[in-house]
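These are the structures in question, set out in turn.
Shared chain: chain A. Partners: chain B in the first complex, chain C in the second.
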Partner chain A sequence: MRPIKLMGHERSLTQVKFNREGDLIFSVAKDSTASIWYSSNGERLGTLEGHLGTIWSIDMDSETKLCATGSADLTIRLWKVETGECVFTWEMPSPVRRVAFAPDDSRLLAVTDQVMGRTGTISVFNINYGGDYTQQEQEPEVVIETRTDSKKVTVAGWTANSEYIIAGHEDGSVSKYNSKTGEFIQSVQAHGIHNEEKVVSISDIQFAPEDGSYLITSSKDKCAALIDVESLEILKVYKADAPMNTAAITPVKDFVILGGGQEARNVTTTAESQGKFEARFYHKIFVDEIGRVKGHFGPLNSIAVHPDGTGYASGGEDGFIRLHYYDKSYFEFEYDTERTERAIASGTT
Partner chain B sequence: MSSSVIKSWADAEDEIPSPEVTTNPDGTKTVISYRLNTKGQKVKITQKIREVKVKEKVHPLIAQRKNWKKYGKEKNTPPGPDTRTTQLGEKVDLKLGTSWKEIEKQEEETKAEQSAQLVSTQRIKCRTCGGDHFTSKCPFKDTLIGEANSASSTPELAEPGLSSTGKYVPRHLRKDATGNTVARDPGSRDDSNTLKVSQLNSIVDEDMLRNELFTKYGPLQRAIVVRNRETGESRGFAYVTFMSEHRAEEALRDLNGKGYHSLILHLEWPKKRK
Partner chain C sequence: MPEQDQYKELEKEISLDDVTFSDLEAKYTVNPDFGLDNFIVVDGAPIAPEAKIPILQKVLRKLLNTVGEVVEGDEGIYMPLEGGKSRGFLFVQYKTAQMADAAVQQLNGKKLDQKHRLLVNKITDIEKYGVEGNVPTTFQEPQIPPFKSHGYLRSWLMDEQGRDQIALHFSETVGVYFNKKKNEPEPVIEPRKGFTSKYAKFSPKGTYLFSIHPQGIQCWGGEDFHSIFKFIHNQVRLVDFSPNEKYMVTLSPLPITLPDDPAERAMFPFGPESNGHKLVIWDLATGEPARTFALPPHLEGQKEMPWPLVKWSFDDKYCARQGPGALAVYETPSFQLLDKKLVKIDDIVDFEWAPAGVHLFGTKSDTGEHVLSYWTPESTNQTARVALMKIPTREVIRTINLFQVSDCKMHWQDEAKYLCVKVDRHTKSRKTFFSNLEFFKLAEKDIPVEKLELKDVVINFAWEPRSERFITISSLDEGSNNPSVAKNTITFYAPETQTKGRILSTVYKSFQEFTGKHCNTICWSPKGRFVAVGTISKSNGELEFYDASYEDDKHPKGSNYAKLLKTEKYAGITNMAWDPSGRFVAAWSSSWAHTIENGYRLYEFTGNLLREDLIDQFKDFIWRPRPASLLNAADRKKVRKNLREYSAQFDEADAMEADAATREAILLRRKLLEEWKAYRAKYAGKSIKKNDVQAEIIEEIKEEIIEEKEEVVE
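What follows is the complex of A and B.
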């Protein structure tokens, strides 16, 4: 396959994301502009200008009318995707590390960092779709503060019914909160238990593309874990040989893609081949690593899969987004056991 | 998707006849157009076109978004990907399989081998034997160097400053006119096999010494007739180095006091020898 290189950012990427139909790619980087790209040919639709610092996260609603960006300049901005206008700005007490629209578009969560003497929080805002979107409430509807028995939240996302928020913590645990009341429901230690790694912070959380009934977390402890949303049971663990920054579940095929690599600060002191800057494909069920895609010359910070399962985009510390569309062989790949099972099934019916 | 037919670029030219479009019975169109080439000549272009409408069903939202105007840094840029921000990358392979690690390892090994071969064939060439190793590691180092030197001695006569390979040879290492290397530093010279031959007739030269007088005693390492610097005339004595001391002794015993070209030879060990 021949990737399309998207080179609109001047600094390392922090998040890339496809919209629901997969025709647009949203990307944010440390250079304080967000870019929106057509996924079919890599053409840039536009940039979102206005932030004054690193943008850590971006998310869009299901119809791609609005998108929100969370930045280190202590603001969350809401943008009209069609025109690139900023329609609202929320002032936050500390840098915003993650934003996510609820699947029903009614609310937006924002994870604020635990720095500058502030407690890390998950704030939930109501989104008002009336008028020209500029009438938003400044105050969050719900604020979930870091529990005393836990470390700060690093990433968070919504369950499919918009009822619960699943959060990944710095100590490698994954917990579930009621999004309406902010009530803590349960927690599981998902990372830091599979090996001896000291840094176990959860770096990414992505939900299953089909129904959101399970999710994948990636962690600096060189593992990724597949977790059931309902029970928070750890279903599978994928082990890698470098800290992982991102993980995604592919639709159509039963794979997961992991991305990461050596810490950015060590990159200049070692050879490129040592950096492990590859997208790793694992079989979702058999947990084997089944392939790698080279290309980046820095660690991968974010991977997003096309909702149709036809490709994926990866954003790296090197400042490039690489957009891949799979070859035919990708769709034909099967384990021998899968093939025989299918043959038996088709033979009996 | 909306599709628009691109009109012929030749339309703009006014002195050129407008293109004729005829519809063929099989549904294709024949377009005959004219244009001027770079030499100003009129060129007739006949194109056969089959129009195929490709219908692509997309989500209505996607179709809507396709027509959005660009904004931000992309404002006022023409439609289509901008090469400053969007480029095709190099081909990458994704070979799925449980044994991908082994395959990759093998590939890397073969690559390393190939590059090693390239290095050895392209870059390293032994100066002694021409093989693909360093000169210092040549297995024929001891045997071939002498030959290589003697081989390069013949063409040197024409151009005393240059060796056969065109490299500069310092004066003290150059061969003299007779093909001998004259070692100028007497201290380092091994004189044990050398005899001084005096009372030579002035007509005697090195060739005569080698081929007549001392043929019995094997090939000579060196034979030098000392000559007058200005006239080149023999001063009547010569130094002769034999292959071994034994040979030199034989020659001294046999030839001392014998006549050669009307004169009685006098052979002796050189003075420095104790």
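What follows is the complex of A and C.
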């Protein structure tokens, strides 16, 4: 599995993402420029320039018409992907840590950080597709503030029907809000309960590629958790030996990929092999670790899986994106239990 | 004065009889015992006529002031008179209760002169015990608590497969497991969170497990590791045991202070004589302290504490402590100084007990004698010395003189037949160092000493258990100290018989050398023959496994041939240990040392890696020690003869075990898969959105000129 190295960012990657078709990769980094790449050969299609600080997050709508970036320069920018021009800018009171389009493309959520004396929020904006996209409302439709019984929100995403927002908190809890009213529905302590780690902040949240009915969260507590969206029940827990920054669920195969590694400030004291800068593959159902992919020489900050399940891209603290396409053996790998199960299933039908 | 008027008005309204002052009375009542702690009663003073009383008082005041400050004037000392004479007793008031305590402790029984001995008591004690009726006159049998069985404390030895137990300490949790080789260790008890605040430790024969807490030490045992004893010792840090686990020694940086509250004091294990002591010897059978000691003054305030501070003879009969210029040898169980005298040894640096009974030439004792060795450094007009002393007679049975010595280390062979003293010597310029090995042969007549002079500095030395062979790690000291150059040598030595005329003697000859190593740690298998040599360092940890009695066609049995069986890299290694049966070697990376690759690895004695487990915040891997085998030589021979049969049995058990483990794993996976399918079934057909990508593949052909070459064709 020879990776394609996408070298274009000057600083640590913060998020990488495939569009729905999987032909483009969107990446943002601390160097304030977003990049769009062809996933087939790793060539850069173009950049989105205009932010003045670290871009924390990027997302695009289902047809890759629009793309939104959230930055530490206190703005969210909306871009027309085709031309790369910025069509709208929302001014926010504090740095934006996460943006996400609703699956029905009608709205955009933004997680703002709880710093500079501001309360952390999830703000939901309506997206107007009319005209040349420049006619957007400056004010959010709904603002969900940090609850008093909880710590600030670090990441958030939409359920498949765009009805609810699932948020991951700094205290390791995962909670569900109504996206129309902002009403709090329920919450579960997903991290910080599997071991004795002190830092338990949730670092990533990604939904099941098949139907979004379950999701995976990664956390600094060195674990990742698979959670049912409807009941918020913890289905599986994957344990690693370093703080995890990202987790993704693979289509086609029943795997999950975790990425992370020794904290950047501790890295210089350890050799590469000891920093745990590997993408880790776990079996989604059996929770066993299956394999690791080496290559980065800093912690992995973001992993995105190709929607067809043919590969994945990882963005690291080292400033590189590594794009992998799986070998044949990846698709052939099966546990005996799975093989017999499949044999039985095919025999009966 | 309007206020006063108002008050008067009020007074008229309220009748004083109706007001109860009980709350105020309770608040201001005077405790009749209050302040009596400062008073002592001194009895046994001379009876003097009134005229001489001022002189007597002056004398007594001077004496009483030596331990504290007596209150000035008549309030300080009151001497009742009767018939113009003093009555032989007096009341004394000190400024503080502590001073009064000190007076009782230090002055009671003090001889004033030939005829008069002072009896000093606290006035509260006199009230408590002196008043009739306070102390019952009839003997009341003390209540002995009913015997509580702790179950069979050695139950783990009855494991059918003879497996060894291990205690694993990771993050805040300690669990005890059975070693299952390749497979995950099987928990004996539920791993306990917050089990110890520092470390866990087994007693030397494995009977008890100990945990350290700020309040003291907790002892656990039995099949379920229930609590057996609590040893109260505030802020205890270091623990050690006598070899037969009869006694435990603990040290705390905080001196013992008696609680002020009498009720607490009754529960406190130490008496007033232990006040200020830091070192405690406990009787493990009763859980009571046997003796307490103050720290020797030269060790007070030292950061690095030499440990153990108390060293034991092989049978727990004697223990010894080293002080400046003397050795204090105590007899058990009384813990009184042997013959009530210290053993004076000027400048003593270190001593070691023989680890077994010594059978000296010409003596016929079954158990052997107690012998200890010690060394003293060079001083003006005096060479350095290593000596052997018999206890309890204190007879020095052998001494050797050494010069240009910078350090000595005494290595007893485990059967106490030989003592090797590693002498690090320096050249006259003190620039380079080299080592001599001095061997005392205790079982031979007059204890001959053989000297092995080396050019190298010996870094490490270890006897093979129950054998006369040993290995050393040494390096040539050339002054340069580049740590990246591998210049250490592992040398295997064996005795060789020599005949000089008619005299038979053995000399130690090296039979194998392995050069160019980084290694620094020697770990012999407890059963001998196999040895693991480790490199425990920051950058490149490594383990090497040797067979010191390798046999093949070229090297027949008994020919002393050492072979390197396997070399294993282990970057993070911080510690290593053999299991008590000599079958496995555990190596681990402890988060106490660093946070790299914390976890443990388990090797076979040949160096085959059986198991690797990376555990976050892994701290310690502790094999549970075993008591000495009950098999005698004949039994052992029988086992060895039938080894083939036994090994077949064990192979079968292993195979079954492996099968069971696989089956279990498959069953678990099947169950998980079923559960997952059941979970997914809920969403079947509910798929919200198909990934209806209409892909259109656009192929673009780009032509690029890579190279242009012009050739002239003629």
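Quick note on the criterion: the second predicted complex is superposed on the first by the 346 of 349 C-alpha atoms of A that agree within 3 Å, B and C clash if a C-alpha of one lies under 4 Å from a C-alpha of the other, contacts with A are read in each partner's own complex, and residues count from 1 in each chain.
The definition used in the following text is that a contact is a pair of C-beta atoms (placed from the backbone, for glycine too) under 8 Å apart; a residue touches a chain by one contact, two chains touch by 3 or more.
Note that the structure is predicted; figures quoted are calculated from it, not measured.
Engineer: Classify the contacts of A:10 with the two partner chains as first (chain B alone), second (chain C alone), both, or neither.
Structural biologist: A:10: touches no partner chain.
Engineer: What is the contact status of A:333 with respect to chain B (first) and chain C (second): first, second, both, or neither?
Structural biologist: Touch status of A:333: first partner only.
Engineer: According to the stated criteria, A:21 is in contact with first (chain B), second (chain C), both, or neither; which is it?
Structural biologist: Once the two structures are laid over each other on A, A:21 reaches both partners.
Engineer: Tell me the contact category for A:43 with respect to chain B and chain C: first, second, both or neither.
Structural biologist: First partner only.
Engineer: See if chain A has more residues touched by chain B or by chain C, and give me that chain.
Structural biologist: B
Engineer: By the touch definition at the top of the document, which applies to A:137: first (chain B), second (chain C), both, or neither?
Structural biologist: In the superposition, A:137 contacts neither chain B nor chain C.
Engineer: After the superposition on A, what does A:183 contact: first (chain B), second (chain C), both or neither?
Structural biologist: neither
Engineer: Common interface residues of chain A with chain B and chain C?
Structural biologist: 21, 335
Engineer: Going by the contact rule at the top, pick out the chain A residues touching chain C in the complex.
Structural biologist: Going by the criterion above, the answer is residues 20-22, 103, 160-161, 195-196, 210-213, 222, 228, 235, 241, 270-271, 273-274, 285-287, 307, 335-338, 341.
Engineer: So in the complex, the part of chain C that touches chain A is made up of which residues?
Structural biologist: 171-172, 571-572, 596-597, 614, 616-617, 666, 669-670, 672-673, 676, 679, 683, 686-689, 691, 693, 695
Engineer: Can you list the chain B residues touching chain A in their complex?
Structural biologist: Answer in residue numbers: 58-59, 61-62, 65-66, 68-75, 79-82, 84-98, 100-101, 104.
Engineer: List the residues on chain A that touch chain B in their complex, please.
Structural biologist: Residues in contact with chain B: 1-8, 21, 23-24, 33, 37-38, 41-49, 63-64, 82-84, 281, 288-295, 322, 324, 326-327, 329-330, 333, 335.
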